[in-house]
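Each structure below appears as structure tokens.
The same subunit A turns up in both complexes below, where it pairs with subunit B and then with subunit C.
== the complex of A and B ==
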């Protein structure tokens, strides 16, 4: 199953890209996907320190995405 | 040479846009800006020049050299001066009919209620979680309209919370706990695109004006994401948290 991943703010910086398509070999929730990508990109935030969005709705990290969903990992931002 | 101007002449384009009765509402409005930094500078200029009747300006800091890249109210001659004092002088020249109230100190739990309750709309232009959550919580307690923005490098977010109507989620429905201060790098460490602050600060002013004249605006539970690297504007929605404190007040 393929899904789109978008990265914001410091997570984009760490991933070195705005977005990418990933293929999931098995059913998994957003938290598992984040942890897997965090291992690859060394994200500075744990899974409970960010917010998750699927198709422009904020959702819980336990949400299981569907084919072609757009998943966004959203870190807190405070600059001003 | 003294040039005398009239309000009708100064606000001719504004009145042409919104009409006499809406402009009267703008003149009656009281808006507080918390933070005169990258967001606060453009927001202040647009609110004052739109004809907002009373503006509160809150910031404890002085102008520093590194501010000038993005804090467009200030110039080299202002370095070392209190931001609220410089803002007062410059806005007086831009909008002489606007009544300015200066608060040259930080918002804290002792002064927040008294100050926030004196205004209709609060613009959170601060740069740290502690101030953002404090401003939010007192805007909620005082049933005010809060317009909040934050930036990181090329990206920003803006949210509007209308607590004068007890509907829709609050910030704590999204972030029930305040993020740790050092959980992400700050603008000081990673930099920020100056024009991004111009866009977000101007949007805060725009949302405030639209609220005053009762035009379509961002709603509670919506976050507008602005990304100047990819030139994208996207709204993401969130719902009330089941056990959030904002439900207890209803």
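== the complex of A and C ==
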């Protein structure tokens, strides 16, 4: 199953890219996906420091994405 | 109307004149200051996940309108590189009476800082840089401000 990942802020800098398509070999939740990518890119934030979104909506870290979903890992926000 | 703009906020492009029913307008402007937590700041970079930021921002304005007796509210947030004193965010709340306008404006800025996917990178005069963490959000989570409107 393929999903889209978009990266922002410190995660974008560590990944060295704005987005990518990844293929999931097995069913896994968002937190597991983040931990796997964090191992690859050495993200500066732990899984409990970020929030998760799928298709522009906040979701729980336990959500299992569907085919072609757009997943974003949200670092601590700092607007305003 | 909640909008993310990549460039200077031109006020007359986004903020209308008042309405006949409105007796008070409360405006908040967030400006870039030259210091944060003891460090001297040279400039800022704001980055946004625009699609989600505008959706989440629109939800916040809708909530404000349902929680407080206001006629309307608008918010613009800028992205890109900002210098000291630059305008980063502007909120305008229009209401029949001032109390609702003040409360709604406070609610909107608090929620924006907690929920809207916008990030800020500070560039310090010593050459260091840092992505800023919203301490309120980091320590207390998205639901932090629920008590605010439930009490009213």
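One rule holds for everything that comes next: the second predicted complex is superposed on the first by the 77 of 80 C-alpha atoms of A that agree within 3 Å, B and C clash if a C-alpha of one lies under 4 Å from a C-alpha of the other, contacts with A are read in each partner's own complex, and residues count from 1 in each chain.
The rule we apply is simple: a residue touches a chain if its C-beta (ideal position, glycine included) is under 8 Å from a C-beta of that chain, and two chains touch if they have at least 3 such contacts.
As the structure is a computational prediction, the values presented were derived from the model and not from experiment.
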| item | value |
| --- | --- |
| Touched partner set for A:76, first subunit B, second subunit C, both or neither | both |
| Contacts of A:4 with subunit B and subunit C, given as first, second, both or neither | neither |
| Touching partner for A:18 - first (subunit B), second (subunit C), both, neither | first |
| Touched partner set for A:32, first subunit B, second subunit C, both or neither | neither |
| Residues of subunit A contacting subunit B in one complex and subunit C in the other | 8-10, 12, 49, 51, 53, 56-58, 72, 74-80 |
| Residue ranges of subunit C in contact with subunit A within the complex | 30, 46-49, 51-53, 55-56, 77, 88-89, 109, 112-121, 131-134, 137-138, 142 |
| Subunit B contact footprint on subunit A (complex, rising order) | 8-10, 12-13, 18, 44-45, 49, 51, 53, 56-58, 72, 74-80 |
| Contact footprint of subunit C on subunit A as seen in their complex | 6, 8-10, 12, 49, 51, 53, 56-58, 72, 74-80 |
| Complex contact set, residues of subunit B against subunit A | 35, 37-40, 124-129, 132, 149-153, 155-157, 174-175, 179-180, 183-187, 190, 192, 197, 225, 227, 229-230, 234-239 |
